[in-house]
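Same chain, two partners: chain A is paired with chain B first, then with chain C.
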Partner chain A sequence: MRPAPFAFARPDGLADALSRLGADDDAMPIAGGQSLLVLLGLRLAGAETLVDVTRIPELCGAREADGAVVFGAATTHAMIEDGKVPDPSRGLMRRVAGRIAYRAVRNRGTIGGSLALSDPAADWCPVLIALGATYDIVSAGGARQVAAEDFADGAYSTVLEPGELIRSITVPVLQEGTRWGHAKHARKTGAFAESIAVVVKRPDGVRAALGATGSHAVLLPSVAEAVASGGDVAAAARADIAMADPDADAYRARCHLATILNAAREVCA
Partner chain B sequence: MASPTSDGAPGWIGARLKRKEDERFLYAAGRYVADVRLPGLKDVAFVRSDVAHGRLLGVTKPEGADVFTLADLGPLNDLVAGPEIAEFRTSLYPPLAGDKVRFVGQPVAAVIAATRAEAEDIAAEVLVETEELGAVTDAVAALAPDAPRLHEAWADNAFIAAPVIAGDQDALAAAPVVVRRRLKMNRQATVSLEGRGVVAHYDRRYGELIVHLSTQGAHVMRRGLAEVLGLAENRIRVIAPDVGGGFGGKNRLTPEEIAVCAMALKTGQPLRWIEDRREHLIASLHAREHTYEIALHAEADGTIIGMSGDVYIDAGAYALWPTGAFMEASMAARNLTGPYKARALNLQTYTVATNKAPMGPYRGVARPGACFAIERMVDELAAELGMDPIEIRRRNLITEADLPMRTVGGLSLDTGHYPAALDMACEMIGVDKVRARQKAGEADGRVIGLGIAVYTEQSGHGTSEWMKRKARVVPGHESANVRMHPDGTVDIAVGIQNHGQGLETTLSQIAATELGLHPDAINVRYGDTATTPFGFGTFASRSIVFSGGAVAKGCREVAAKARRIGAALLQVSADDVRIEAGEIVGPAGSVSLAEVARAATLRPEFLPEGEDALLETTVSYEPADSAGVFSYGAHAVVVAVEPLTGAVDLLDYVVAEDCGTVINPLIVDGQIVGGVAQGIGTALYEEIPFDPELGQPLATTFGDYMVPCASEIPDIRIGHLVTPARVTEYGVKGMGEGGAIAPPAAVGNALADAFRQSRAQFLETPFTPRRVSDAVAAADGEGAR
Partner chain C sequence: MIDLSFTLNGAPVSQRVEDRTSLADLVREGHGLTGTHVGCEHGACGACTVLVDGEPARSCIVLAAMCEGRAVTTAEGLVDDPVMAELRRQFHDKHALQCGFCTPAMMISARDIIARHGAAAPATIRKELAGQICRCTGYAPIVAAIAAAGAALNPSSDAAAAAPHVAATAAGASDAS
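Up next is the complex of A and B:
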């Protein structure tokens, strides 16, 4: 379980990092390494050069701006869990961060690294979709904004092009009167999730999202509608699950139903 | 602190002494095989088979690389493993693959390089050519006539098939109630914190191969290495330093260990191989995989008559030296009547070869499976008859008045009060309170279940029992060398291997009791064939019985001599002195043990006439009866289950147990908690599934192989009964395995209790959320798929 040899760079400027990543097809960004190092050790992934992006000032820390909080992509799960950065989500993000894997993973793992890998079972994707976040993506050629729900397009697959990095994640501040529900089911504490459901009920509307599908996290429109109108959440959930995770077997479908119902219950409690 | 011994000295038996060995561990100052540093040490990485079953056509080595195949290791002797039974089919397990590979992960070639990372780089370049053959992944299907054959010379894939037929067969046939089920306990790894490890080098000073080995029994492993390498035993020194857990998994000689020793001899270089976690999960010995197709026969009032049916042991591809996994079948069958007054057994057992890593012993050996089978079946019988699971147990449990008794399975149960353990567990868990809570229902929609399991644990068994099992090595005795130094301190060298059992502490307590010393004055040494007397090692819950007995016996000999010398120094009769608090105490005065020891060593002129010098002896010990002494207990657990996801939460877990006289209650409780934690792993989490067609293992990292961690283990509450054994020193019984035996049964029964209305079936461990959810859905009439 030792990785094959690789070169390692830790640039302290964004431009330097982007030019290294842009110039070398076999260079790979590393932002905490809690998944990538395991894959390298098992020799399931290979890289000629790893470019560590966790020391780039633009990617570190979080700031409040204009009714939102902007998280640097290299913000660790632990910083969010511990409240070391501003929380736009009235506690939701701290709850989610504290349930990612184990503390040792949370100490090094980063929000941007997790999003870029796009593991179907990852914790942040459905949460950020439900919160209506946007991602700021940069490359040597410029920058673009992508809505959270448009970012991933499959298991381990996103709209990121070679040479692009997530710079930051912008999460709108939840206004007074907003409630949220979050439920996660895994084989045990710290294991990859079998299902994650998040429901955010704002005074002006509901967003619900499902994670740990066979592909990527998605919005649950019927569930949102049912929660908003006080309708039949279970029926809505069944309809949404069929769309959100069409290949789910009966067990996974039951897991999704359970997490959606639990998240909806928490919102309405 | 504890009751005085017969000698009148203050005793340490029963003292809640903190473990002596913990200081070095807490300061991170333990020394394991991977901590051994030698000049010029090189690392070894193995090239492993990536197919489950195939003919090995060739191995292409990268140019200039230091790569060994089987032909490069030789000449080696055949190491014949397995029980000494004529019908047992042998299967030589070469240290590197010969003509065939028989499981994914089998070592095919070995690479030497300056670092492990470089060795792995080279290993990735080694080309292994195989002609793939059909994979055998199911022990029952493996016996079909057209199943691919692992070992071509065999008539089928069974290592051995053996009946266990005993007792009143007519009663079995005439039973008015027969409950049939198919139960399965799946395959798992042993998951010691420290994996296997070996550092081997040839030392010219004594002309010997020095092998640092993470093992449970240095002397026995030396024997195996001597056989296969063709070396005299006094040309091999095996040193087992601190061993970070074994649980049975380090009580077999494995091919990587042999290969590294052979390469160290060939090259003259110090070599090291440290197992990583992936190797551990894929290629270390596996455990547990049993299938039971059985029927419980009973009277209409719930009186158990006996058990019939088939028991399948999935033993993997090979037999590991010395005895492989071949006590599993008979132990499973013989324990299938549990702690109950059953009258008959009619079982056929099959120990089957499959394309999986070889099976070996793991804490509890066969009994977790047997306990799971009988205890789940008792609850199924209770449900069938509309009886309470606790009442049906009371009706059938062997009582104090029945003991000692020989069970229909041939186990000689010695002392105990089994119903009292059941009562204690029921009281501790609060059965009425749990029933009331079940009735009220849970606000969050979860469902509550209560499960109980009772077990016995054979321990401290010796010659007669291991001969019955036709063991190649018969661990019928244990030894101790007791040496008092000129200053009155004591070194005790033993042939067992402390690897988490606290034996440095408990053996010190025994020695201190017999020698009238403080345990701090006693130093317990083990794990080095050059400095300890022959012994078998630590496994099968034997060390406190055997090694404790040997230490007591040896210390008594030394104490008697010290009393004779002390009496002479005091000029009184040896009958008039006693040994106490570091002194030989006479009617009118005393002399310190240090002074006695000085006379016995440095100043022989003070020895009484005819008394030899030295306060030292080496003794061996076996209990008066070698059929074993039986610890026992009852576990009770309360679960909360989320019906949709199948998530199981353990709300409460209690253990009521009896292991005879307790040397150190802190250590006994620690052993119970650790055992229960592993039993919970078997019950709920740990499993190595295989792709049924390709034979690929599907849990090869901790991402897929679930081990219970602190968050999964409830606060385990423990109650004790004490019924001393009749045939051991102080009345001790072994107890290292018991904690791991009952949890799968108790948890399974709790799940069945939670869903007793729908009669959902819980017959296969681990009870993963998926299995639980599917069982609930199937019983509710929904397709589980």
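Up next is the complex of A and C:
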């Protein structure tokens, strides 16, 4: 199994990478490549040029700033799992990172790459929605900020335009008194999830999100309201699942119900 | 074609490679290091696992061109490694292989598990090994061999054998505040 031929470009900094991505419609950014190289090998994706973004300083590492942590898009899952970067989430992001695929994949796969691919089963999408993250997107023409819940618009589909690149992910630091719950269901350790639910209960409000739907991760407004008010989470979950994953079969809907209830239980424990 | 300079099992290498060449193909076909086995070729089986800068990576889904300036270590480069020596001893003793196809990568992953978890409990080893597929053994002897090697290399850590898993579960279940 070999990908079709492409050119591998090692850009000289962010400006050079953006200019290469902007100038060529058939150029794609590559970070860890843990999904993209599979898709290229299976010839489900094609590119004339792959632009390596893993050595661009602006995309590497994480820093604390103004009540938030800014993660460079090329931060690997393993760096987050191991606590080698600051954690704004009181342990939530470390737990999530440690359950993505397998260690060999986590050593190379990146948070920005996972978001940009927008696999429906991706781990970070619902987590970053529940945490209220924003993504800093750059192109040769400038930069813009997109809220996590507005970023994906379908399976493998996002608001990224050709030539745009995720530079960083800003995650607000959870205040004292914030609690979170997270549940992921997969057939075996490291397999693609069949449902992911995340609930973050701040002193000033609750956000809940569901991933591994037929499309993209979304907020669960009824579940958030039920957790905040001590209402019937199961009834709220059924209502939200019908909206979040309308094509779910009975099995998938029960997976969603189970992860939502487990995440809500962990928040309320 | 693209220029590539990296370290392979401790020796500096400079060469030109086709841009799409995987690291697995480079070490096997370019350097004759056939301890790196190519099974599924799409990152599912783990048989091609090598170390890049000391960390396990699936060489079938790493491009050779990505390894510019990196240190790549294959099973052949770990012959004199003391952890691998203990793993070889325990894999032999516990009959942790039959056909041997998964074994070099299984041992490279096992070495990483011991590095990160010390004398890991069987449950931790099973979780960490989920990405390494063996079609012969049913995994039980592999888990036993890694547990024995971890214990032999961490003699004073009987408590540690259970603690990492228990601690991780307790931390995960605790509230976030």
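Just so we're on the same page, the second predicted complex is superposed on the first by the 268 of 269 C-alpha atoms of A that agree within 3 Å, B and C clash if a C-alpha of one lies under 4 Å from a C-alpha of the other, contacts with A are read in each partner's own complex, and residues count from 1 in each chain.
As a working rule, a residue touches a chain if its C-beta (ideal position, glycine included) is under 8 Å from a C-beta of that chain, and two chains touch if they have at least 3 such contacts.
Computed from a prediction, not measured in an experiment: that's the story for all the values here.
Trainee: In the superposed arrangement, which partner chain does A:G46 touch: chain B (first), chain C (second), both, or neither?
Mentor: neither
Trainee: Name the contact category of A:P5: first (chain B only), second (chain C only), both, or neither.
Mentor: In the superposition, A:P5 touches chain B and chain C alike.
Trainee: In the three-chain superposition, say which chain, chain B or chain C, touches more residues of chain A.
Mentor: The partner with more contacted residues on chain A is C.
Trainee: By the touch definition at the top of the document, which applies to A:G67: first (chain B), second (chain C), both, or neither?
Mentor: neither
Trainee: Per the contact definition in the header, classify A:C255: touching chain B only (first), chain C only (second), both, or neither.
Mentor: A:C255: touches chain B, not chain C.
Trainee: For A:K188, select first, second, both or neither according to whether it touches chain B, chain C, the two together, or no partner.
Mentor: both
Trainee: Which partner chains sit in contact with A:G33 here, chain B, chain C, both or neither? Use first/second/both/neither.
Mentor: second
Trainee: In the superposed arrangement, which partner chain does A:T178 touch: chain B (first), chain C (second), both, or neither?
Mentor: A:T178 sits against chain C, while chain B stays out of touch.
Trainee: Taking the contacts chain A makes with chain B in one complex and with chain C in the other, which residues are shared?
Mentor: 1-5, 38, 42, 188-190
Trainee: Which of the residues in chain A end up touching chain C in this complex?
Mentor: Result: residues 1-8, 10, 33-34, 37-38, 41-42, 50, 52, 54, 78, 89-92, 95, 101-105, 107-108, 174, 176-180, 188-190, 266-267, 269 of chain A touch chain C.
Trainee: Quick one: which bits of chain C touch chain A in the complex? Just the residue numbers, please.
Mentor: The contact residues of chain C facing chain A are 2, 18-20, 22, 41-43, 46, 49, 52, 55-58, 61-63, 65-66, 68, 109, 112, 126-128, 130-132, 171-173, 175-177.
Trainee: Residues of chain B touching chain A in their complex?
Mentor: 116-117, 120-121, 124, 276-278, 642, 644-647, 684-685, 701, 703, 706, 708-709, 711-712, 768-770, 773-774, 777, 782-785
Trainee: Per the contact definition, I'd like the list of chain A residues that touch chain B in the complex.
Mentor: 1-5, 38, 42-43, 185, 187-192, 194-195, 249-251, 254-255, 257-259, 261
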